[in-house]
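Labels run A, B, C and D following the written order; every chain starts at residue 1.
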Amino acid sequence: MAEKYFKKILVANRGEIAMRIINACRLLGIPTLAVYSTADKEAVHARSADQAVEIGPPPPNESYLSIPRIIEAAKEYGCDAIHPGYGFLAENPRLPEACIKAGITFVGPPPDAMRLLGNKVESRIKMADAGVPLIPGMKSAGVDLQEFKEAAEKAGYPVLIKAAAGGGGKGMRVVKAPQELKSAVEAAMREAKNAFGDDTVYLEKYIENPRHIEFQVLADTHGHTIHLFERECSIQRRHQKIIEETPSTALNPELRARMGSAAVKVAEAAGYVNAGTVEFLLDKNGGFYFLEMNTRVQVEHPVTEMVTGVDLVVEQIRIAAGEPISEYVRNATQRGHSIECRIYAEDGEDNFLPSSGKILYYEEPVGPGIRVDSGVTGGTVVGVDYDPILAKLIVHAPNREMAINKMINALKDYRILGIKTSRRFMIDVLEHQEFHAGRTYTNFIELHMKDRKVDIDEVSDLAAAVSSAAMMRKARANVSGGRRERQPSPWQTIGPWEIGMRIGK
Amino acid sequence: MAEKYFKKILVANRGEIAMRIINACRLLGIPTLAVYSTADKEAVHARSADQAVEIGPPPPNESYLSIPRIIEAAKEYGCDAIHPGYGFLAENPRLPEACIKAGITFVGPPPDAMRLLGNKVESRIKMADAGVPLIPGMKSAGVDLQEFKEAAEKAGYPVLIKAAAGGGGKGMRVVKAPQELKSAVEAAMREAKNAFGDDTVYLEKYIENPRHIEFQVLADTHGHTIHLFERECSIQRRHQKIIEETPSTALNPELRARMGSAAVKVAEAAGYVNAGTVEFLLDKNGGFYFLEMNTRVQVEHPVTEMVTGVDLVVEQIRIAAGEPISEYVRNATQRGHSIECRIYAEDGEDNFLPSSGKILYYEEPVGPGIRVDSGVTGGTVVGVDYDPILAKLIVHAPNREMAINKMINALKDYRILGIKTSRRFMIDVLEHQEFHAGRTYTNFIELHMKDRKVDIDEVSDLAAAVSSAAMMRKARANVSGGRRERQPSPWQTIGPWEIGMRIGK
Amino acid sequence: MKNEFIHKDDVIETDTEMTAEGVRVSVGDKTFNIVELAPGKYSIEFNGTRRIICCVVNGNKSFLDIDGILMELVIPSEDGNNAGGAGAMAGEKDKIYAPMPGKIVKLLVKEGDHVTEKQPMVIVEAMKMEHQVNSAAAGIVKKINFADGNQVNTETPIIELDLEKEE
Amino acid sequence: MKNEFIHKDDVIETDTEMTAEGVRVSVGDKTFNIVELAPGKYSIEFNGTRRIICCVVNGNKSFLDIDGILMELVIPSEDGNNAGGAGAMAGEKDKIYAPMPGKIVKLLVKEGDHVTEKQPMVIVEAMKMEHQVNSAAAGIVKKINFADGNQVNTETPIIELDLEKEE
C-alpha cells in the first residue's frame, strides 16, 4: 500500500473540492473526517468520507467558517491534519494558527506567509521590494472616499476596487467614471465583509483586455521551490473564471521561463511552503504584472495535473508531512493540452443568475481524457447558502484543437436537469473562432458573447416530441398498476424513505 | 474543429471496443455507422453511433463475421472507411481485401502483412530469417498426431498447442505428458475452428513461468515505424490476460531498447502499416522470444495511452488516412504508471465460468486518473453469443504503488450486480505481496491464487442487514400505492415500454 | 395518445403512438421515432439521423437537455391553471421581483419615491453574489413588501409601483 | 419489520426499524445503521465506521456487492419454495449439470458406460470458451438428456448416473 502520512485528515470544506481531497487521502490510505452543516446532511461529501460530523447550521460563519468547531471536531475524532480546500477558511491565517496551538498539521502554508499574501496591500509592497512587476495603484487600503477619488484620478479611469482579503471576484468592482465610484466602493465593502469578514478594499489601475495568466507553485520544507507552468484563465464572467486551459497560447518558452521564475521569486520572498498560485496580468505587449498569490489549492488545479501528470493534492499532503518534492514532480513537463469548464448552478441564458433546486437527472460524460470533479449527484438539493459550483469538467488531448473538440462533446454529454447550468454558453464560447484562434482576453465574453442568442424555438417541436415520449411512459406506468405519478430518472433519488409520505398525500 | 479524415466510418465490432472507436471518431468529427446482430438491438454500441444497421442473427458468422454484409452496409450508408476493432474480423485478411475491391479504406494493416503475421507458422520462419529470436518448436502446421508426438518428444514436455490463426488463448492447450496430447490437440482444433474458422494448430516448446511482454508499434505510409514501449501482460488465467500494466518492472532501459528495436524489426520485416503489437516471452535470464504480432488495436492499448499521452485509435485513423505519425507521437515518453483490469462476465470464485444475465445495477468508479472503457450499462442483457468482456478499468498514477492502490479502490467502487465478475479476485491479486514486489510471471495465478478463499460467511450478517434495508424500502413503496414489486436500481432499465406487460401478469 | 405543451406563448400539440421499438410522435408535419435508452434518456431519430436527449417530467413541467440547451415546457393541467412558477412575467412592469431566491441586502428606494426607468431599486444576494435589480419603468413606489435582510422568493414582488401614464 | 434470509444452509433473521435518517437493523447482537444514498446504494454504519454497499432485491434473491465481493441471499417465499435457481447442489453426485448455460460441444460417454470419479463426461461451450465437466463419482451412465450441439441450461442434468455403492 502507498505510504501513510497522517493518521486521519479532517476535510474542512464541502462540494467537489472536499470530494477531491477525500479521493486523494483514500489513494494514500489515509482515513478522512468530513464536516458538514445541517444543510449538507445528505451532501455527497458528508456521505463519502470514512466519518462525518455535523458542525453547525447553514450560515457559513456558524459552520464551515467556525474555527473552534472544526478544531474541536479534529480533536474529538483524532485527526492529526486538516485540509482546508479552497474558499471558506482556506486563506484565513487564524486556522493554521489554531492548528499549531492544537498540535494539528495544517495542509497549507505557514500563517505568516498566508497573512502577508492574503493582504493584497502589504504583499504588493513586499513584492515591489523583491523586484516583481506591479500594477500602479493605491499603496495602502483606502479609508475614506476622498482617498479613493484621488487615487483614481492619479491612476486614471477606469479603475478597479478590490477587497484586501479578496479572491474569486468577490468584493471587486470596475469603475469607469467618477460618479460610479461611491456606490462601487460601498458594494465592494459589503461583499468583502460578507465573504471574508473584512471590508478593507483598495484601488488600482484597471488594465483593459489583459490575459489572466497564473503559475502553479510548489514549495517544500527542504528548500525546493518550483513552478509547474501556467494556467490561462482569461475567460471570465463578472470577474470569475469559467474556462481555464494550459498551456496558454500567449506564452513562448522564453516568456514562460521569465514568468515562471518571477512566480518562484514571489513564493520565496513570502517564505511560502506547500502549493500556491501566483496570478499575473499579461498585457498585449507581453508585459506582465503580479496580481496576487493564492495560498491554497486552486479550483482550476486539474488542468495542471492533466498536462504534468502530477497529483497536486497528494503533493500538498506529502509536503505537509515534511516530505521533499519528489524527483518525478521536479522533472515534470507539459504534455498535450488541457481545458477545464466550471459547472456552476447558474443560468447561462440569463446573466448567470444563481439557480437553486433539486437535480432531477444527472449523468456525467465518460471517455479517454475526460475527467469530472463533482460534488453533486442525482437528487442533490442545491441551496442558496454556498458557492454555486457543482462540478468541474476537465479534458486532456494531444493538442488544443482536439481538447476543444473533446470538451464540446463532453459538455453535451454532461446531462443535468432540474437546475440551470451554463453548459450551452460555454459550448458557444469554445466554438467561437476567436477562442479557436487563441485570442482569449478577460473581456472575451463581453466582447464576443454579448449578442449571443440560443434559438430554442427551433428545437421546440423536438422538445415536445421527447416530452410526449416521457408522458407516454408515465401514462403506461400508471395504467399498469398505479406506479408513482412522478417517473424517477435514473439518479432521481426520492429522498430516501420518503416515498410513502410523498404518495400519502 | 479537428481535422476530418473520412466521411463516415463503419465500426465492424461491438461492446467496449466499438464504443472506443465511436468516441475517437466523434473526437475527430467523423460520423459513425454501427452494425449489430439481432441479439444486440439494444446494445450500447448500436445506440451510440450516429447511425446503426442490423446485419444478421446472433451467430457471429452470420453477422459480425460476415464480410459481404458489412461491405454492403458500408456502401449503403456511404462509409469510406471500416474499423474492425479487435477479435471478429480484425485479423482476417479477406476483410481488407474486400475493402480494397470496394474502394473503402480499411483502418489497419495491408492484407499481405496481416496474412503473413496471422499465420504463426509462416511468420516464425520469416522472423527467424530477419534474425528475431524464436521459441523452439514445429516449423510448420501439424497434420497428423504422429507429427505432434515427434515434435513434442524433440522439444521435450511440457509443450504448447497453438492455433495458427489464434490469439487470446483460444485454441491453446498446455500438454504436460504424452497421454494428454491427443485430447489436447483435438480440443485446440475444435476451438480454433470455432473461433477463427480455421483448425490449423501447431506445437512449440512451453517455456515455464515466463513473463509476457509486448510492445506497441506504429507504422505509417511515410516510412516511419516506431514503438511506444512495452506492456506487461503476465497476469493471465487460462492463457487470457486479465491484468496488464506499463512500464514493466522487469525491463531496464537497456533491455527495453533492445526489445523495442526487435519489435520495430518485426513490423518492418512484415511490411507493416498502422498500429500493431509485437508479443514476446521474457525468461528469467532476460532472454526474450518473439511469440507473434497482433495486427489490430489491442484490448490493453489504454495503458500505453495513459503513460504516453497518445490516442492510439486516433493515430490508427490518421495513419489510415495517409497522415504521417506526428511529432508529438514520435517524441512520446513513458510517464508514471498505468494498470488495466479486464472486467469479464465470469465468476472469479468459480473457475472463471462465464456468467450471463441482466445487469441489475451498474455504477462506474470516477476520479482523477481513473478511466473506464465500457460496452455495457444498467439493464444490458449479457448473452452467451459473444466474448464475455464487459469493460476495462484503467488507472494512471505517478508510480506503481499509487497505481495499484488506485486500482484497488476503483475495483471496489465499480459496482455491477446481476452477473458475476472477477473484481474481487483481481483485488486479491493486486493486494498480493508478490504482485507488489513486481514478481509477475504467467503462472502467477496458478502459483499464488490457488488456495485463495473469500470468506463470505464473515459478511453474511452485514449482507442480511443491507438486504433488510432494501426490503424495507420495497415494503414501504408497496404500502404507499402499490409500486411495482421489483425495486428498480438506478440503472435497471426495465426494457423500455414493457412495464405495462410486466405488471399485466 | 395526444398531448399539449406550452412553449412561451404557443401551444404545441403532439400525437404519440407505440411502435415495436418505442414510440412515434407526430408534431405538425414532422415525425420523430423515439426509443428510451434509460429512464429519462431518449434516442430520437428524425430524417435518418439520431440524437440523444434527456427529459424528465416533474409536476406540470417537462425539463429537457438538448446538447446542453435547457428547456422547460409547461404541461397544461385539466383545471387550466398553468402557473409557470417563476414570478416576473413579461409586461409586469409595476412589480419588482427578486431574480432568484435570496436575501435583500439593501433597498435603494422607499415608499413614495419617484423612480425613473432603469433606476436601481434593490440589491439581492444569493450564493454570496450581489445582484442589483432596476426598475423596468418610471413611476412612484406604492408598496414595499420586504425589509433589508429579509429572505425573498421569486413569487412575491419586493416592490410595487404606480406606473406613470405614457403621454 | 422482521425478515429472513437464507445464506448457504443457515437462516439469518433480521429486525428492521425506521429512524430519522434511515433504518436500524438488528442481526443477532449486532446493530447496523443504514442510510440509502441512491436506489440500490446504501451507507452502512457499524461500530463507528461506514462503508457503502450496493444491493438489489430481484425476485426471491437479494444481490449484494460488498467491496467487490458478490453475494446472493435467498428470500424464503411464503409457500416455502426456496429454489435457488442454479442446479448442481452439493451431494447430487448422480447428476451432471452444465456449469453455465451454453452449448454441448461433445459428449464423451454414452448410456451404459462405466465411469470412474473425475472422468471427463461432456464438453460444454459458452462465450467461445470450452469447459470439460467431470464425473463427481464412479457409476454407470443411466440417462443422457441431450445430444451434441444442443443448448443446455443449468437446471436440467445433462447426464444421470447410477452410482456405485461404496463398500
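Some observations on this one:
Criterion: a residue touches a chain if its C-beta (ideal position, glycine included) is under 8 Å from a C-beta of that chain, and two chains touch if they have at least 3 such contacts.
Since we're looking at a predicted model, the values are computed, not measured.
Graph distance from chain B to chain C, where chains that touch are one step apart, equals 1. In terms of C-beta pairs in contact, the better-connected of the chain pairs A-C and A-D is A-C.
The mean-CA centres of chain C and chain D are about 54 angstrom from one another, to the nearest whole unit. Computed from the mean C-alpha positions, the centre of chain B lies at a distance of 29 Å from the centre of chain D.
Between the CA-based centres of chain A and chain D the separation comes to 50 Å, rounded to the whole angstrom.
Listed for chain C are residues 18, 22-23, 36, 38-39, each touching two or more other chains. The residues of chain A that reach two or more other chains are 378, 473, 488, 490-491, 496-497, listed in rising order.
Remark: chain C residues 1, 3, 5, 7-8, 10, 12, 14, 16, 18, 22-23, 25, 27-28, 30, 32, 34, 36, 38-42, 44, 46, 53-59, 62-71, 73, 75, 99-102, 105-106, 123, 125-131 touch chain A in the complex. Interface residues of chain B, counted against chain C in their complex, comprise 41, 47, 50-52, 377-379, 488, 491, 493, 496-497.
Interface residues of chain B, counted against chain A in their complex, comprise 1-3, 20, 23, 26-29, 302, 305, 309-311, 314, 326, 328-329, 335-336, 364, 366-369, 371-374, 378, 396-399, 401-402, 405-406, 409, 473, 476-477, 479-484, 490-491, 496-497, 499-504. Against chain D, the residues of chain B that register as touching in their complex are 170, 183, 187, 190-191, 194-195, 238, 345, 349-351, 353-356, 360-361, 363, 384-388, 411-412, 414-418, 420-421, 423-424, 427, 454, 456-457, 459-475, 486-490, 492. Residue ranges of chain C in contact with chain B, taken from their complex: 18, 21-23, 35-39, 43, 48-50.
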